[in-house]
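Same chain, two partners: subunit A is paired with subunit B first, then with subunit C.
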Partner chain A sequence: MKIRVKAFARFREILGSDLAIEVPDGATMAAVLAALRDRAGDESDAIFDEAGALRTHVVLMRNGKRVKRDDSDALADGDEVALFPPVAGG
Partner chain B sequence: MRGYKAMIGITRDVIDAGAMIEAAKRPGMGALVTFCGVVRDDSGVERMELEVYEEVAVRELAAIRDEAMQKYPIESVDIVHRVGTLSVGETILLIVVGAGHRKEAFAACEYIIDRLKQTVPIWKKEFYRDGERWVPGEYVD
Partner chain C sequence: MLTEQERERYARQILLFGEEGQERLKKAKVFIAGAGGLGCPIALYLAVAGVGEIRLVDRDTVDRTNLNRQVLHWEKDLGMPKVRSAEAKLREANPDIRIKAVATTIDETNARDMVTGADLIVDAMDNFPTRYLLNREALRSGVPLIHGAIRGFDGQVATIVPGRTACLECIFPEAPPAEVFPVVGTTPGIIGLIQANEAIKYITGAGDLLAGRLLIWDGLAATLETFTVEPRPDCPVCGGEMRP
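Showing the complex of A and B:
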């Protein structure tokens, strides 16, 4: 199934703004994050720590709602995952 | 509120503060407090680029407006945030709070800008003559 990923600010520069990631049916957020870690390559340390986990300040959303990085719910085809650094508007 | 059409949103165009204030006025208001955020020349900033997660940002702005209207005895809240490329001196954001009296309008306006900085997904990149940097945000768990 296909998951759309939106990344913003510094993370957009590393990952691209709007990408589609293919994961097996029933996959969870962990599968998407693993794919993003691979995609980020050398620059992944801006987003992930040495152990490969998302850095604590990273905000993660599923379909516009904040979720925990270890969210174990299965994703659905067409879901939109977003990840971004702390917001800085105003 | 009857007949009150709030302006809440993201724009790529110049924000006309005077027009927004005039449009917000209602007969019961004795005070309109505004917060105007502007691009500052911080050690040689030449321009700024702002980006937004628009669907979520618009929803968050509306949620902040609703919170402020519940918390304070005010009559109106308008919030417009600009994105795209802005030069020093240009308006980034305008908040207009209308109320019967000034005290609650000041308090609500401050509440709105503080919440906006915590929750609305917008980012700024500053460009200098010889470099660029992302403005660090406020992390809220």
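Showing the complex of A and C:
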């Protein structure tokens, strides 16, 4: 099935904007994040930690609502996942 | 009551929200936390809109590296406390309002005093620890908090209404890493004005607030999106508890 991924700010520069990734039916967020980690390659440490987990301050959304990085719900074909690095400056 | 001078000064916005809306602005007390990249445009636009009392708090002095974005501070102000520099410009821009400028670090010992009697808290800070403190103070007092933050060409805004929306720690449970952030002045200009616009809407009762929504501005892509943010039942600060 196809999952749309929208990345913002620095993440858009690393991953590209509005990408579609293919995951097996019944896959969870973990499969999407693994695909994104591969895609980010050398620049993945901006998004993922040493253990390969999504950095804890990153905001992760599924269909416009916040979800946890270890969300175990199965995704559905056409779902939209958004990744956003919060900023802290003023 | 508005004076004749005020009716004239605000004539074009009285067309929008009436003398009643203008009276509400005149009665409003807004605490702006920070007089930097975000605080400068927020304070300037709220001042010229006629917000009756602006409490502006910042601990820093004006440095030359501030001048690319902190538009109330000019070359002649180098070395001056930011709140003094800002206060001077705001008084010239609108002599009909009160400016309370305080040069201090916002911390646990004084945050409560700054919020007492205020109708709104506007977050124009540059760090998350102080933002979390403002969030706790907003929850304690029930005073709404308009959050904004920027980096580079990017920014975010959310309006937090205690008891009605997700709090700042529901939205951002983990602070982004601290850094010397890159920034071009247009970014805090855009984000600060979205925050000021939220403040004017909240005070006058116009429109729909960014309550329960997170707005994300991506300046390089020139896109602006909002996402629903819900209270987290496991939030250590608000517990995700909403008023019935």
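Assume the second predicted complex is superposed on the first by the 86 of 90 C-alpha atoms of A that agree within 3 Å, B and C clash if a C-alpha of one lies under 4 Å from a C-alpha of the other, contacts with A are read in each partner's own complex, and residues count from 1 in each chain.
The rule is simple: a residue touches a chain if its C-beta (ideal position, glycine included) is under 8 Å from a C-beta of that chain, and two chains touch if they have at least 3 such contacts.
Given the structure is predicted, the values throughout are model-derived calculations rather than measurements.
By the touch criterion defined above, A:67 lies against neither subunit B nor subunit C after alignment on the C-alpha atoms of chain A.
Applying the stated contact rule after C-alpha superposition, one finds that A:19 touches neither subunit B nor subunit C. In the superposed model, A:1 lies in contact with neither subunit B nor subunit C. By the touch criterion defined above, A:27 reaches neither subunit B nor subunit C. By the touch criterion stated above, A:82 is placed in contact with subunit B and with subunit C alike.
Residues 8-10, 12, 56-57, 59, 61, 64, 82, 84-90 of subunit A lie in contact with subunit B in one complex and with subunit C in the other. Of all the residues in subunit A, the ones that touch subunit C in their complex are 8-10, 12-13, 17, 56-57, 59, 61, 64-66, 82, 84-90.
Residues 6, 8-10, 12, 56-57, 59, 61, 64, 82, 84-90 of subunit A are the ones touching subunit B in the complex.
Those residues of subunit C whose C-beta lies close enough to touch subunit A in the complex are 34, 36-39, 123-128, 148-156, 171-179, 181, 183, 188, 214, 216, 218, 220-221, 225, 227-230.
Put simply, subunit B touches subunit A in their complex at residues 37, 50-53, 55-57, 59, 81, 92-93, 113, 116-125, 134-140.
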